[in-house]
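Labels A, B, C, D, E and F are assigned to the chains in the order they are written; within every chain, residues are numbered from 1.
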């Protein structure tokens, strides 16, 4: 791992968070972290330590449910399309089916309106296409 | 059921929605519907038919996951406290534990900030108190 | 008019705005202005000059359409209930029927979700009750 | 019409909605529906049935007012630019002038701020350019 | 400090955060923390550790600027009135004048609209009244 | 200055606003104004008169604090990326350091979530790159 992102690797929260980030997001999450290295490396560290080291590592809720929650929230908010895509990937990585992801996004038409749900469906379509393309080259 | 809310009771979507509303929200959901009877009875009908008759009745996603999704979304949006409370009740009614509800709300601190999560936790506390009071009188 | 709110009464924009505010909102709008007199009198002046003196005075769109637009937007935003109520009053004052107001609010279920529309309908109900009570004492 | 989108063509709500969608949005609306055919055909059906079959078909509010309401709401929300463009087209299709559309968007500076209104004006400009280009080739 | 909120008092981030919370919010901030003790004590800990222990403790930006930023953001978001009040108190505690707070809130009329600014001004007025009442009993 | 944007140049608010716009935003702000000339010239005038002529010209809060407030608010709102970039430029123009801008944006993770802060950091990076490129050609 890039040393400038991880100045203090014996930090228990950081290590736990890094492992959780890799488990859920694979390389997509790592790329977001590296994108921050030149502009706000401290923020990359916080991103790993708090969301992943503290919250996602908590055992009281399973990862599938956590990713369903995030996909729902980001679809409803409608202003974070890049992160919504990262989490649709994450949901699929931890065991949600494409059908389940689509159901969560569609359901947001009830709580945030049809535009929010439509834009979430278009984000899901991009994610599915990226995954199909990645599988095609394996 | 109040006839003015259900002008066309043989409507398959309405009946399916009414049954689903009762399954998830029990009487809390029925009270919202009745509150609309004098001002917008057609909207009460749409509320039963589309969210419950169409969306919640879909089998591709279980009710626990659906309520987790809504609690997350409404916590993140932060502007629908009454409906968030109805759905925290709903989540508990369909099998989520209080601990799981708290986890979903806390997780929203990552996606919508600490104020949104705090206000969601305060809503959850009100719901728990209502349920404790209701059980106390049984 | 309170001199502290209108330091420069020969200001054309202010006078035009004051007249427009009274035309649309009657006394409800004036009360909002007076509520600001002790904490931010300059802001009361801006409120009269820009929204009412500049925007609402423009002839290219009629007042009924303008109030429909505001009721829709504030219902969708879901975080400005006091102002939504002022504008439901305003819509009724400039010629919208209660039925038309209800239609606009219900339509927002499509664009901002059912919670936003529900909360808008509850605000409308409060406004109708206030107007019924006011008429009862006349 | 594509059979996969309309499995049950004798559905009264669907047919009414399809006709209303074509009346307001012409081909732009149909394209959104077809874009969903591969990822969420059921959602395309809901989109036609509820917003258009149920809400837009209601006679209590005219289509011009309905499109003014949507343009206002989506400008204020600021997170649904594609749908805002579809509805600016819709507003023009049902009889609003370009001047009236611009007025509605500008007015949103008062209720959602200048950035929201600016981005709405830029969306309107794109729509006007699309329409000018389409007319140029006729 | 309540032991149930601070299970690990030698935690450097927690101690730093607790001191910073007291410096900015005095007792108002402590009360929010205690309010969580029964429902989500872990969240109270995160609230102290990340926002205060990590972010507010950073020296690269002064506390006055930080509180100006929060008052602006919460006014613009318009859906977190309790937290906006806590931070208006915080801004005044760290050296902002009442006049400066009012300026920040008024400025949000440009970026989030007049309703958001109005509701922020009403929150500020409540805070000023609370502080005047507190001083009166000293 | 283009006469169609400034029909009434002796207007005190307009002149004051135009000078303030140039002081804060330099040419970036002027370009936004000119972009409106063909579609809504009146709105360009309002943009100069109210935000800049009225609000930004007020002496009770310094420009650095005002730009910190806007960068915070637009980062939190998350739906006005173009305007956020204009104001990051503005903050740097009036004396904020790049480090201070990054701090404000990072802090928004606490109040609007990590996605909002991330997208704000990416906007800041674009602005820094634009400024580095501009300096390179001088």
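Side notes on the structure shown:
Keep this in mind: contacts are C-beta pairs under 8 Å (C-beta built on N, C-alpha and C of every residue); 3 or more make two chains touch, one makes a residue touch a chain.
Model, not experiment: these values are computed from the prediction.
Listed by label, the chains touching subunit A and subunit E alike are B, C, D, F.
Here subunit C and subunit E face each other with different sets of residues for the most part; under half of the interface numbers are shared between them. Between A-C and A-D, more C-beta contact pairs join the chains of A-D.
With centres defined by CA atoms alone, the chain at the far end from subunit C is A.
One inter-chain figure worth recording: subunit C and subunit F are separated by 29 Å, centre to centre, where each centre is the mean of the chain's CA atoms. With centres taken as mean Cα positions, subunit F sits 41 Å from subunit B. The distance from the centre of subunit B to the centre of subunit E, each centre being the mean of the chain's C-alpha atoms, comes to 31 Å. In subunit D, the positions touching at least two other chains are 42, 46, 50-51, 55, 58, 74, 76-80, 83, 102, 106, 108-116. If each chain is drawn as a node and touching chains are joined, the picture has every node linked to every other. On the subunit B side of its complex with subunit D, the touching residues are 42, 46, 50, 54-55, 58. Against subunit C, in their complex, subunit E makes its touches with residues 77-79, 102, 105-106, 109, 114-119, 121-122, 124-125, 128.
Residues 50-51, 55-56, 58, 60-61, 65-66, 68-77, 80, 83, 99-100, 102-104, 106-112 of subunit A are the ones touching subunit B in the complex. Residues 76, 108-116 of subunit F are the ones that touch subunit B when the two sit in their complex. Residues 32, 35-36, 38-40, 42-43, 46-47, 51, 74, 77-80, 82-83 of subunit E are the ones that touch subunit B when the two sit in their complex.
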